[in-house]
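Read from first to last, the chains carry the letters A, B, C, D and E; within each, the first residue is number 1.
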Amino acid sequence: MVYFINDIITGALIGLLYALVAMGFVVIYRASKVFNFAQGELVIIGGFIVWFTTMQAGLSLWLSIPLSLVLAGLVGYAIERTFLTKLIGESVFSMVMVTVGLLILLRGLVLLVFGPAVRPFPIIFPLKPLFVGDMLIPMNLLIGGIITIVAAVGLSWFFNRTRSGLRMTAVAEDHVVASSMGISVKGSIAFAWVLGAILSTIGAMIFLSGKSLTFLASDIGFAALPVALFAGLESIGGLILAGVIIGVAQSLTTNYLDPLIGGSLGSVVPYIIMLAILLIRPTGLFGWRTIERV
Amino acid sequence: MTYQTKRGLRGFLAAGAMAVAATMPLKAKAEEIYNLALLSDFSGPYADIMPILAGGREAVFTWWNETRGQDLGVTLNYKNYETRYDAAQVASLWPGIKSELDPIAVVGLGGPDVAALSERLPEDKIPMFMATAAYGFAWQPDAWIFNPRPTYSHESAGFLNWMREQRGGDEPFKVAILASEASPAYVDMAKGLELYAEEHPKEIDLVEVIYTEVQPTDLTGQMRRVVRAGAEALIIQTNTSIVVAAKRGLQANGANIPIMMSSHNGLPASGAALGGLEQLEGDFEAYGMAIAADEDTPARQFYETLVTEYGLEAPWNVVTAMGVSQGLYTVTVIQHAIEANGAEGLTGEKVREALFAQTITTEETHGFLPSLTFTPEAPFPLEGLKVNVGTVKNGKITIEATGVDIPEVKKW
Amino acid sequence: MCLVMTLDAGHASTPLAVRGATLKFGGVTALNDVSISVNDDELLAIIGPNGAGKTSFLNVTAGFYRPQKGHVEISGQNVTGLRVDQIARRGVARTFQGTHLFAGQTVVENIMIGRHMLMKSNVVQAFFQFGPVMREESEHREAAEEIIDFLEIEAIRNRPVGTLGYGLRKRVDLGRALAQEPSILLMDEPMAGMNSEEKEDLARFILDVREARKIPVVLVEHDMGVVMDLADRIVVLDFGRVIAEGTPEEIQKDPAVIKAYLG
Amino acid sequence: MLELNNVEVTYSDVILALKGVSMTVQEGQCVALLGGNGAGKSTTLKAISGTLKSEDGNVSAGSIILDGTPVQNMEASKVVKNGLIHVMEGRRVLRHLTSEQNLIVGGHMVPNAAELKTRLDHVYTLIPRLADLRNRTAGFMSGGEQQLLLIGRAMMAKPKIIAIDEPSLGLAPMMIRDVYDVLKQLKSEGTTFFLVEQNSAAALSIADYAYVMENGRIVMDGPADKLADNEDIKEFYLGVTASGERKSYRDIKHYRRRKRWLG
Amino acid sequence: MDPSGIFSTSYRSDRRVVRTRWQALALVVFMALMLAAPYLVSGRIIAILNMMLISAVIAVGLQICTGYAGQINLGQAAFMGVGAYTASILASKTGLTFLLTIPLAGISAALFGFLFGLTAARIKGFYLALTTIAAQFIFHFAVLNLPSSWMGGSNGITVPPAELLGLRFVGETSQFYLNLAVAAIMIAGAFGIVRSRFGRAFVAVRDDDVAAGIMGINVAATKANAFLIGAFYAGVGGALWAYLIRFVGVDQFTLFHSIFFVAMIIVGGMGSIVGALVGVFVIRIIQEIIATVGPNIAESVSFLGGDIVFAGMNVVLGGVIAMFMILEPKGLMHRWNILKSSYRIWPFPY
């Protein structure tokens, strides 16, 4: 029983990590209506930046973490300036398609800049887990979970309550209307990408702390995708619930069902849950209902 | 992986340059020139090890041309082809390779090469020689694609029997395996060992088969199950990232179950990814090929020769060993074919016949590989299989055992 | 039941009837127990202030919204809850407030899309492009050309609709609806955004449609001149309720209407 | 305040939509731009406000001066910062936000909360209906309410000049009056207007000066009262015949000569 | 817009694909060149053409689904895999002729695609597009976990060569004719579909699904149909792939392959069959250049280092796609059409 509860807790924390990466999707969507397929690549870039500042440049963690976040933000800004600004005014569809191209391009760029080798990732969070009676909770996931919740609450407030947040929401609703109101669509999208890159970097730190860094890390982008859709692409707060549900379901499947069937159902379960929820609620749990008028 | 890429890179380039330089003047002397097609992946998932692997195998060809080839009146030319580790790319390259080179043998790299060429090579009558261990799905009679090593499951079964002997006692050896469905090859590794454990319940007790992602988020819970099941060893033949995540999971549980790794995710690679070899103290790597340890072995000596005389600049590690051993058994087979048929009119078919006709002794491969006796029943030798075991002692890779017998493993 | 339906369909006393429809969304009651029926070959105009529920009425009729209460009958058959396309197949066509044309497509293509549901060919025939498909295409193309001819848009036949002016687009919109060979035509503010010259043109076409096709038309419109001149009967909505009904003359004098709407 | 000199606009680098348009708007004035559909009115407006780009258009010649700053091909959001707000046609409210959130977004450039409150109050005193609807999701408001919301949203930015496109489009007669009442009040408070209208009667009731466009060119201009008396304007835009009688839409002949200004 | 002097005298001629004499001539010359290709160019080129033809079938299907019907589809490689597996299982277990296995492969892939299309009845927009990624994961899971006697599991399936009247389709030349024939039929069929009522319904649903519904088009069914047709093409392409490689494994059909199919139609241009073909050509040619000149550059430009050259090649590939999207977001065909129309209306600017 203790182990069962432990599996649930660990699953929930992993789900929160997915939610953090998914927050990258949602923030970019919420401020620009663009679905960013290259989110996983932003995670690897963030990871490599952290690796570079710590393992290569040899900075202490207190220095390298803020520096990495700043650098990641700059990279996000650069990507937006190079690839997306020019497309403002084109259809959202073409902007989304650009992110598909980005996915291929960023992979190549990382390969070029950082090389293909497997890199050790710095130990950012204590390796020693937290023991609660017989339960043990990985420190990186625990701290990560807290960061996720704080970030979700903060960003939720930002987007729904502050004027800057509403401004971005306006951009997501309609680029042309937003710009006709004096809102800089460019600025909003740039901000979204900066934020998306920073969130991805935090995600990379939690995900990879004490482990190794390769291209495979980008898979987390597609692992986080069901969480984003489950919550609904506009909902930041909903990510927490969605992440926990999907994380727990995945953990229980991996630990109790997979051994029975001798396969890896755990990796497909998030997608199955996502499909099921979308069939019931087509815009996710908390996504905006479509308002159609003729 | 572990080594500095730059060094490996220079090694690769130097070897390439040497190869070009060395083969040019030889062309005049040697009477016959045959071509080898080298399939490589410099831009795909194995781009990190490719320069070193390529350096290893190319240095062997240079060495052979200058020593054996000269005597036999044969020069082996080779050319690298970039496959991006993609079956579609191999398939579109192949007709060009055939018409451009008309190779007598292909030196392959991995799964996509096998997938794309397994049905083409018998038609075109050209054998392909791989460097890695074999897979269950390629275990078919009348092969044209060959592995110097048996399947991954053979290697792990051999290792486990050795572990059980080391431990002593009669009860079965408890083991867990960590696999992934990301690639069918990884699944194959697990399936083979599962069947072996099923067939040998008195020797092996497979307590857990865990499937995870290729870059696992967290394995603490899974490792706790492994610990609770009382596993005495953990088999991870998939990739480095999983080794690292499993190690962290074990550390979190305060457990120290030895991990067995394979060649492509071996001790140096996993150690580097963990941030230091000392973290793998007491863990193992096991495969049917020379262990690249500090000890002075024939293999090590041959490597030194390649470095000093034939321009090899790759470091002494498992990937180099893989490249060198692949090159060595390839040239040995060709040499056998020349000895049997004469230098003239050598074809892929004759090379393949020579493979079956004669054992490739461990002396011929300078101790890189055990003696290999190929039969038409399987793409790898079924008899006299050996596995070598390396471990980390005091932060250094050392050879723990050589020539450990591999038990008979049934086809799955 | 079945017998009754066939009888109804045969005589089709009311081509369209909405009975007791109530529709609420987003905290607003858009329709409150609205009953309106349309007679054969009649031009019924629906007027009322913005938000009175005129467009909601059209949306309920066309199946775009499903009323919480009440039902919609077409030729005596209850069609409440059917999908928009199923209702369209029962002969309801509509034009839009603003335009909902397929902007990248040419005029001919837009009108041919209107004929989609009248065409029968299947995917396999389309794939191989053999006999029946080609014949069907030509037949329907001919019908499309008749509509183009009728609406005097021959010259712009192959122009993408997006490049046309608003007035012409409205005409294409009407053409696309006519291409469905409807048994009833709903028009949502066709005159909005037009100058008087364009209004005259479109009014003429509406009258011609009735003359040529003999189908009832439901017209939601704000332009009183147009409504009073064209309508046979007028229904006035306010706050989701029918507040008046009658001939143009009666409506013009109705004090409730003047208070709520005409001002 | 606003000055257009010989402006040309090209779409997709190919289609010439405006062919040398010049006009001036003085401070405190309301200038109306009239014309048929497709004449280029909206294009002119978009050229001024910088929203052309979303339709692949650009100002290929001439200059647009806003308060001394050239704004041709300037990014839309920067034009707003120079003091011009473009209220687009088609009632493009932010549908998923509430009415008040729409207003707050409109005031996104307001430096402090107190000022924002003042402006909100100003909007609510001028348009009391918005105060009642403040928590209503904008997508569920009626057309007229949405139009009022758009005007309120523009007011939140306190622009020097409001460029408004077809404010009466699709509105009931009383609603048109309400909307124009708000505009008139704003004008009396000193806001400059650039008004693009199809509904010439309404437009000329508020405008000081008007331009008439046809085919991408200005074909007539003059003080509003003078234009209202012009026979051609009467016939084509006000729908009144020479004798002053409006003719019935039923009496329109299908084939008739159209009088056109040389375009 | 037609060039001046070209006008149609019947409705049938008005819907022709080939409208001018030059186009007809170009098409005839192109087909003749294709038929003669094995006698004109090396086996390597034929092998590249084989890959292009198979990719073309799959990309054209994706174009119908994504470009015409507007449904972003990131499961095309999975649909291809279903087709490849169907053909392999039928050919290896029942010995059915390829004349039947290829269409059956298309049909089974179409059914799989249709399942995902069915969700269109409820799910819309990006949500629908993203559910196609689930197809990819479910396909992968199913192949590996169903009993290996069904789909080969991790073993993959070996495929006997296609055979017709004693002629075995082995070697690139005979396979080239097989691929060419199938691709020609499929591409011609695609032109038929997009110009039929189905094609118009697709575009209608893409541009304005509200209006499309009111036109009597069943929007959900049309979207499902788009997936069905797109997946059918992928299935046929998968069958051709199976007969070309003659060994199928689940790792030949990954999400990354799907992404590349999307890249092909982006580069070529959305909503144009010819665009899909152009995209296939451009992407495949870049990939082949990387594979061909890469090793040579790596050897000759030694100061750069081999792995940097190859990493650079990946950047080139990603960069080309990104460049297309920045400079030509509507694809090559759009640019071509603008050029064409400005040429035809020259010298007037409107």
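Following the convention adopted for this analysis, a residue touches a chain if its C-beta (ideal position, glycine included) is under 8 Å from a C-beta of that chain, and two chains touch if they have at least 3 such contacts.
Here the structure is a predicted model, which is why all the values come from computation and not from measurement.
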Discussion item. Starting from the defined contact criterion, work out which chains touch subunit A and subunit C both, please.
Written reply: D, E
Worksheet item: What is the chain whose Cα centre is as far as it gets from that of subunit E?
Response: D
Practice prompt. Just grab the chain with the largest centre-to-centre distance to subunit A, centres being mean Cα coordinates.
Written response: C
Worksheet item: Counting in whole Å, what is the centre-to-centre distance of subunit B and subunit E, each centre being its mean C-alpha position?
Response: 37
Worksheet entry | Chain centre separation in whole Å, for subunit D relative to subunit B (CA means) | 75
Worksheet entry | Separation of mean Cα positions, subunit E and subunit A [Å, integer] | 31
Worksheet entry | Touching two or more other chains - residue numbers and ranges from subunit A | 111, 115-116, 262-264, 267, 291-294
Fill in: Touching two or more other chains - residue numbers and ranges from subunit B
5, 43, 47-48, 181
Worksheet, complete the sentence: Where subunit D touches two or more other chains at once, the residues are 15, 137, 139-140
Worksheet item: Quick one: in the complex, what on subunit B touches subunit A?
Response: 1, 5, 43, 45, 47-48, 180-181, 194, 208-215, 217-218, 220-222, 224-225, 228, 239-241, 244-245, 248, 251-253, 269, 272-275
Worksheet item: Which part of subunit C faces subunit E closely enough to touch in the complex?
Response: 62, 64, 83-86, 88-89, 93-94, 96, 100-105, 109, 112-117, 119, 121, 123, 125-129, 133-134, 137-138, 141-142, 145, 158, 176, 180
Worksheet item: What part of subunit D is in contact with subunit C in the complex they form?
Response: 15, 35-39, 89-90, 136-137, 139-145, 166, 169-175, 177, 198, 200, 235-239, 246, 248-250, 252, 254, 258
Fill in: subunit E - residues contacting subunit B, complex
42-44, 46-48, 50-51, 140-141, 144-145, 153-156, 158-159, 161, 170-172, 244-252, 287-288, 290-292, 294-295, 298-299, 302, 305-307, 309-311, 313-314
Response to the item:
Listed in rising order, the residues of subunit A that touch subunit B in the complex are 3, 6-7, 10, 13-14, 17, 111, 115-120, 123, 127-129, 136, 138, 140-141, 207, 210-212, 214-217, 219-220, 223, 251, 254-255, 258-259, 262-264, 266-267
